[in-house]
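Each of the next two complexes has chain A plus one other chain: chain B in the first, chain C in the second.
Moving on, here comes the complex of A and B:
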């Protein structure tokens, strides 16, 4: 009997006593992780592009800096760190676009997912966590290591700071996922929602501080930006990593990150419910 | 006791009108005009637990729309659907726990995972107790002869293998009700037969209620004693397949091999269509004369060596029903 031998290959969860939902989440995450690990050639190609693109970006910033010591707290080392971090995060947060859900809606694949008794948003989150984990390891960590070799950078100096960066990264993924999920849900309303998607991602580059550190913008732009969730997915990570955010301000930032994450996640649930009501599955 | 109850079910779609040409494009931009399409137009039916019902209709008749409403994927425009004690589109997660669905055209399995991994994931999704899972997996894999490809990724399976894997996947959690949407589409004769056998087995041995949509009349003939026919969104027929055949089936044929040549072999009540080399073919209608009457008449007059009765095929009957709108008058 073949199936006895194969059940041993099932990913074991860390504890046997987790709730079935957690277990299911874990099973999806692991499989998504394994799946994304297999695209190695693409990972290497992406890595090279990513590396040189970062150098291009930082030369513009260095030109702005010119002969000055620093602008708004950003000296040469901070700028290199900013560049390295934002480059490392591109794939982790799918900054350049993520249309998987949109494609599933347009192809009708979503029907088979909706026919399974599972939380639809959680199911996509689990898959995204698996994807992001691979991105963080194969891209994020490697890029940070590479840039550290070539450039002078600022690094966290305490365990607490490293922990804060880690927590902030996790919360940033939740925010990013919520945003991307909502953006993709536009597929339910429009048969050609890619344009809406592209517009959304472009907006997110600007407000998240990906185009330039938010500190470089006039105060009023910063004020607007901090009313949106975007800086909490990217800009704050840089500020925590470089030590610009500390103490009560750091705690406050982490709390706001959590709030945005939960808000967007809830919003995704609510919007999905409306979206499914107007679902028209084509074909079949 | 009925497992599916449908009352005055309706589904309308708005389809935007497109105008052609230069001016048309401008009009498309400035105005939004819609035509209302009634995909499902006031249908009623009930299905009892344990039934195996065929749901037929030409493409675009409203079959898929009905199935999507029954599975909770679409919200009806009006009317009432209760399946397995729940309203599918309102209690999606609870509802789908107890049903299974196979859409022949697409797969439930994960494309790049081996079959067994997908089945394992489904075990977690449906929270099937490990023992029950092992039992079912064992039974289905041997009945569907799946052992050889359990470790193959879904993308490398043949269509027949994929369909078997999908059917297995839809049944691991012991659903009360199974929706089969064209489960034999594109398969060869042997593969079709294997799937039919299995479908019959789970219906009779496990009592799973099955709603089967198909364009393959052999599926219907082998499996369904009851059929429902929908066209233009309306339920045209709901009853026994045989009754349909009796009413609308074409003419029956009697082929007779005579023991010796006769110059004249006509009989009242039947039309002689061929007579050559001792073999005669008659066409007759059920309403006019029965096969035994006809045979009786012939055997009193001639010495007969052999004979056979050919029933009109269901394929032809259904085709005539669709094309000639035979049922539209009495819906």
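Moving on, here comes the complex of A and C:
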């Protein structure tokens, strides 16, 4: 089985050395990457808004900090870093909502997707990786650079720390994807699953540490939060980036991230199997 | 005029009936708008409770600002939903706005009646609850003037947000797509006034005083209602400017009519 690309890119990409499924995965990722890359103007336009809201959010945190040197390891520089990172990551993890799969179910498009010669979950993951890669390059990196120009921030100081951040970011995407995929599967059960989706995303803001750094919450809230996968998609990235998580604790965190990622990915597979049995496509 | 009002009522009841068709979905959507406010305010409450407030403002005092903003914005978002820039932008993009223009009825009433998001009642209910908590916990010393002034402030804030939506919608005549920067004015001002204005950098405070003067609709009146010490430093008329700023809505309507006169269809 061969797959031909209209862009002629195929000869140069490493996919030809991979197994067919991995090659397919790669091809879907690249297509998705190229498609999302066309929204460059939107990314630039979004910068102003992103920056403005970032400043509003950090003002609240700085006011809570007040005259104190730091709260739970968060000084001024850490708060600026927290704000920049969380603002930079919004699109990468689709924090404000992702309803593509839901829409495909409701429109019936899903019928052709299910026929593709590739695992359905992997197919969506491939597309999401392409989307996320663009988000990271066009928005994430640019936003981090912009904030660094204006504010004193904390940055990773060693190659090892940079690597840890990178690994953590990748695992966070896997966790976030699994969660979003599961949330979207609710469309199989309800013709109006948007409400459920919005509900889920809102809960994730709270527990992931997007609304407030988790360390600012009372201890009991933090304990509950760390029982869920959400802090492992966001809050830990900040703590690794700012150097608050190091040594054995860092290794442990990365392992838990991996476990949550695999668990959600498996759950997505299992739930999908039940969901597809219920699927009825109307019309054509 | 009478005819227009009747028509608007008609459009609204059609909207409501259609949204009530799927009872469970409606309840879920309404709940989800409430949950958003609950979670956002909940996180603020947990943190302020732990650290004893923010720049000398107690949680109850912040709740006064928060409840006022959420309630007014919720009502506006429900009633002015037709002007919500992303929603209205679709009418312009798809050319359906041309259809509205062809009908021999008031265009503003048609756009207002084209969308009435009943699910916002969830957000409104939560906003009212937060405000009620604030009124009760702050032990406000009520005077007849305060009692009379409170609904005026709320209504002005509501109209003010509505004006921002109308301006955002009008801009889509030229940009076709709704522009993300508009969010700074709408959601930005609603977020900003959730907290005392003193926590922001000077340029942000100036922006929301002179460019988008929302400071007169929430922060200054709150100083007056809560008898905050900052009131002594503020200009004595500042808390009472809210009705004047609410009239800014009329300017927004002028801009809207100006936009309609200049409107060139996308041709779709």
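Note that the second predicted complex is superposed on the first by the 272 of 284 C-alpha atoms of A that agree within 3 Å, B and C clash if a C-alpha of one lies under 4 Å from a C-alpha of the other, contacts with A are read in each partner's own complex, and residues count from 1 in each chain.
The rule is simple: contacts are C-beta pairs under 8 Å (C-beta built on N, C-alpha and C of every residue); 3 or more make two chains touch, one makes a residue touch a chain.
All figures in this text were calculated on a predicted structure; none of them were measured in a lab.
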Which superposed partner A:211 touches (first chain B, second chain C, both, neither): second
Touched partner set for A:109, first chain B, second chain C, both or neither: first
First (chain B), second (chain C), both or neither touched by A:97: neither
Chain B versus chain C as contact partner of A:156, first or second or both or neither: neither
Partner chain(s) touched by A:75 [first = chain B, second = chain C, both, neither]: neither
Touching partner for A:59 - first (chain B), second (chain C), both, neither: second
Partner chain(s) touched by A:243 [first = chain B, second = chain C, both, neither]: neither
Interface residues of chain A shared between complexes with chain B and chain C: none
Chain C-touching residues of chain A, taken from the complex the two chains share: 42, 45-46, 48-49, 52-53, 55-56, 59-60, 62-64, 66, 71, 190-192, 194-196, 198-199, 202-203, 205-206, 211-212, 216-218, 221
List of chain A residues in touch with chain B within their complex: 1-3, 6-7, 9-10, 20, 23-24, 27-28, 31, 35, 108-109, 111-112, 114-119, 276-281, 283-284
Chain B residues within the chain A interface of the complex: 13, 64, 68, 71-75, 89, 92-94, 96-97, 99, 101, 103, 105-108, 110, 112-113, 116-117, 120-122, 124-127, 134, 137-138, 141, 147, 150-151, 181
Residues of chain C touching chain A in the complex: 22, 24-25, 28-29, 31-33, 35-36, 39-40, 42-44, 46-51, 54-55, 179-181, 183-184, 188, 191-192, 195, 199-201, 204
